[in-house]
Amino acid sequence: MNSGFFSPTLIFSIRLTAVSCGTALLLFLALGLPAALWFSRSRSLCARAAAFFITLPLVFPPIALGYMLLLLLGRGGPLGSAEHYLGLRLVFSQGAVILSAFVAGLPLFVRPAQAAFQEPGIIKLEEASRVLGCGPVKTFFLVTMPLARRSIFSGLLLAVARASGEVGITMMLGGNIAGRTNTLSLEIFNCVSRGDFDEATSLCLLLASVSMAIYFVLDRLQKES
Amino acid sequence: MNSGFFSPTLIFSIRLTAVSCGTALLLFLALGLPAALWFSRSRSLCARAAAFFITLPLVFPPIALGYMLLLLLGRGGPLGSAEHYLGLRLVFSQGAVILSAFVAGLPLFVRPAQAAFQEPGIIKLEEASRVLGCGPVKTFFLVTMPLARRSIFSGLLLAVARASGEVGITMMLGGNIAGRTNTLSLEIFNCVSRGDFDEATSLCLLLASVSMAIYFVLDRLQKES
Amino acid sequence: MLHIDITKRLDRFSLEIVLDIDVPGITAVFGPSGAGKSTFAKILAGLCTPDGGRISFNEKVFFDGDAGVNLPPERRGVGFLFQEHRLFPHMNVFKNLSFGCFAGGRPPCGDVAEIAKVFGIDHLLRRSPASLSGGESQRAALARAILAAENFIIMDEPLSSLDDALRENLMGYIERIPPLFGIPIIYITHSREEVTRLAQRVILIEEGRVMGCGSPSKLLKKWRRTVSHQDQKYEGMDNQ
Amino acid sequence: MLHIDITKRLDRFSLEIVLDIDVPGITAVFGPSGAGKSTFAKILAGLCTPDGGRISFNEKVFFDGDAGVNLPPERRGVGFLFQEHRLFPHMNVFKNLSFGCFAGGRPPCGDVAEIAKVFGIDHLLRRSPASLSGGESQRAALARAILAAENFIIMDEPLSSLDDALRENLMGYIERIPPLFGIPIIYITHSREEVTRLAQRVILIEEGRVMGCGSPSKLLKKWRRTVSHQDQKYEGMDNQ
Amino acid sequence: GAGTPAVTTGAGYMKMVQELAAAYKEESGRPLQEVYGGNIGQMLAQIDAGNGVNVVISDKGTLKTAKSKTGIVRMQPLGSTVLVLAWRKGLTLSSPNDLTGDNVKSVAYPDPKAAIYGRAAAKYLETTGLGAKIAPKISQVSTVPQVFSYLVSGEMDAGFVNRVVVRAGGAKIGGSLEIPSGYPPIEMVAAVIKGAENDPSVADFLKFLGSGRAKSIMKRHGVQ
């Protein structure tokens, strides 16, 4: 760390964490919601397998999962070469950090949303909406989503929290590259690794206060709405 | 690994993982459910602060959290000395492994349960139960729990999955001691650390198939019930 | 002897009920839509806490704002039939009917199978409430409330979604509950027919106040006034 | 012209409806509790898929089991009043009433404020449905269904939780919907009074079958038979 | 072709490499990419996947034993470093032989297969015969920082670590002493990854690592 507590590297890490958590949040909504809806309404083998694969990242040690993703997306991997042709390099870029946050948080978002979408009370009101002329997509946004908001907010809170605390996948996929892919959590991890527990503790307090702010905003949204 | 794939150490790790996840599951039910109920019914500052603290482990990098818990529970820590008088040694014991699984999974269980307990439909049926002579505790078990089962199962699934994939806290608190506190996830972590990626991959496949079994049982319970 | 003297504010609606009556047999609570009948019933059952006042039944104090007494619903010994059934969706009809007994510890004031037969739902006992028709649910909820009652039964419009034939028959049954089981009924309704047919006395509620209390015949005139009042209220319609 | 020829099995209950009638004005669907009226209504609205058969309204095919046609509910242009209201709890009453227009793209067949006034709920427009009384909710749901209807309105016991005065008044209003807006009403009820008062024709349903179809007066005798049949069914009660 | 030098190291040497990088950038005005992974095994996996690292600073033994597809074409010696014995607050040790004393009840060392100092400690315990004498007291854990945190929390009485953690958190423990011999020397090297052998910018950075300024930085971190 160069000088003072809020060194440029630290500020970079904080910004990167905010950006990756924010992007992951948008991705949870954009991709997680349709997935949750699909899983809740379909009993097909396909849907159940997909639901299982989304939950899998939770079961694996993050480091191991990161390694597998690295094999998949890295230079030699099956997806890595395709990427190469497109001129994109996902691994070791900020995209990798976002992907890690997304993969780590997704199951925590999809599952509660899925459970909520299965509630009979919600299904009855969806019927009411359909009869009033509102198609399935619009019904989803105007009726299903607002009614399931408690579970959606609670899932979002868990998923973003998990994304912000993610270390293992981010380190493997993102590379922990200073000024490029080192999130606040990785900075804390680095401090612990070199035995610098005091700095780790202050960074943790910083992370805790940021989370506290986010937490109370989401908590308020969840209860008040 | 001594000899063959299923060496005694590996079998020990599998058993330890099963035991700690199973115990954590019981603890989620025994302690997480009352907590979720409390958070869902009380708007007091105390309840909200407790809900925040339960979610916090999700935000911190597991390694850092493990270090903090170590200071808290270790020999010199405020809770460690109390432990000493009782003749109990939590750190480095299988109790530490269970505690780590519990701390890591708890927020994933409490949040969805809490969201479910706030549903107006459930509250109405609780009223009906009360009028029929059923006290609050019995009402909780006979009405609230079964009605919230979808969310409870989904939370349980997430929490147990997370507990089984936990590495950082378990390593710090449990010590990753072979034949005593090395769970399957820690074995995978060890393989990755040594650069032994082939073995890591086979252990991951093992973990994945065990999770798949647990997953489909819980999934079936959730949908059929 | 039912003694009530309570106040309750709900947004712009306020309820102020003062009553001191003996309630053997069937007591109708009668009034137009939005008069506060359901709110009154919930306060009596302990599902809604009044802002202040006192409720007692015989010697038992249900609520006393000054003394800080507020008996929880499960200890008031009332049977309650909700306007929207509230059958437990995760239990079959039989379990719903016997809930007051096996879960609430209430002594069953009748046999489940017997009451189910009387209500024409004996063939539905193994079914889930979600698969019942509107009328079938209403009858199941009614049977459940009767089975769990100790002190009195509150019925919030129990017959509103039944067909005429069934309504007729159930009225005959409800009529006989108080003499058979010695349990009074507080019967909330807005049907004149039900009041005259069933009730020994009627409490007239309008805009959250007791406008009268006495025998149905004596209150008939007052009730006529209510109807014409309603007509004025919704006269907009006649201009269409 | 409404053409219906469908079958539907539900566990031990089976519905087999064959109908080919013109439905201007008000058509009552009348029958005892559990006859299959609500199920019939849901199939007509597209909320429940029949096992096979065909449904068409005028030239429009709603359902054809053989051709694999199954128009989704939102494209059938029906207004539906559910037996249990189903107001959206997260929207105030005004938003509920205008939902068919702003969300469903249905041309409003009346002004929200105007209809709210007629139904005596104009002072409740900013309120949440959870705070409404049973009758108030029923009226709001009725108004919402009317506002969204294009081809016809299905009403599943619309007046069952209203007080007599209000019921009387709303009947007068419902009566005038078909001539005013040119929209037919399929009116599900088990009230004889409502049938004779409102309907131009009545479809009698019993145990899932059409037992008769024609003018209310002509079917009166048949209906009498139904009542006595019901009496027999629930005679257990008279023995108590 | 000419690119940017990208350097990595085990978490234990992160701070030293950070200082080296800062000095190099200041002196040469050229860019330098810094990449820090967990331990060396993880980093080699990342290099295989193409994270662009072309210089690895670690110890020779680890680099030789690590399973990796990555070819190392050249190793530039940087100096050697030592194993450190540290103990918790409340104890005083004057030599490694004090580990046999009754007041030392537990001794920890890192995983020999995963950490540089783990291998050094294991070898040291073996060659001196100390390991056999204190066998019941010994616990093998995973990483250097893990051992160090057990000393900080008082969980372990003594443990084998490196200079880096002792320098960062020395105030939290009772004390430490360096063990100069009794194990294969820990030779720190700068390893050049295949493909970067002809890169002039990499050569420039390696030249800097041999300079006096770099040597003094490394010395401060225990590499000499």
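For clarity, chains are labelled A, B, C, D and E in written order, and residue numbers in each chain start from 1.
Here is the rule we go by: a contact is a pair of C-beta atoms (placed from the backbone, for glycine too) under 8 Å apart; a residue touches a chain by one contact, two chains touch by 3 or more.
Nothing here was measured: the structure is a model prediction, and the numbers come from that model.
Listed by label, the chains that touch chain A and also chain B are E. Farthest chain from chain B (centres taken as the mean of C-alpha atoms): D.
Most remote from chain A, judged by the distance between CA-atom centroids, is C. Looking at A-E alongside A-D, one finds more C-beta pairs in contact between the chains of A-E.
If each chain is reduced to the centroid of its CA atoms, chain D and chain E end up 79 Å from each other. Put simply, the C-alpha centre of chain B and that of chain C have 46 angstrom between them. Chain centres here are Cα averages; for chain B and chain E they lie 35 Å apart.
Those residues of chain A in touch with two or more other chains are numbered 63, 67, 189, 192, 197. Annotation for chain D: residues touching 2 or more other chains are 84, 89.
Among all residues of chain E, those that touch two or more other chains are 38, 42, 45, 143, 149, 152.
All chain pairs that touch, listed by label, are A-B, A-D, A-E, B-C, B-E, C-D.
For chain B in complex with chain A, the touching residues are 43, 48, 51-52, 55-56, 58-64, 67-68, 107-108, 111-112, 114-116, 118-119, 121, 150-151, 153-155, 157-158, 161-162, 164-168, 185-186, 188-189, 192, 197, 200-201, 203-204, 207-208, 211-212, 215-216, 219, 222-223.
Within the complex, the chain E residues that touch chain B are 38-42, 44-45, 66-68, 89, 111, 113-115, 139-143, 146, 149-150, 152-155.
Of all residues in chain B, those touching chain E in their complex are 67, 70-71, 74-77, 80, 91-92, 171-172, 175-178, 186, 189-190, 192-197. In the complex of the two chains, the chain D residues touching chain C come out as 10-11, 31-34, 37-38, 83-84, 117-120, 127, 131, 133-136, 139, 156-157, 160-166, 169, 172-173, 176, 180, 190-192, 226-227, 230-231, 233-234, 236-238, 240. Chain E makes touch with chain A in their complex at residues 11-12, 14-15, 18, 22, 33-38, 42, 45-46, 48-52, 143-145, 148-149, 152, 161, 164-166, 168-169, 172.
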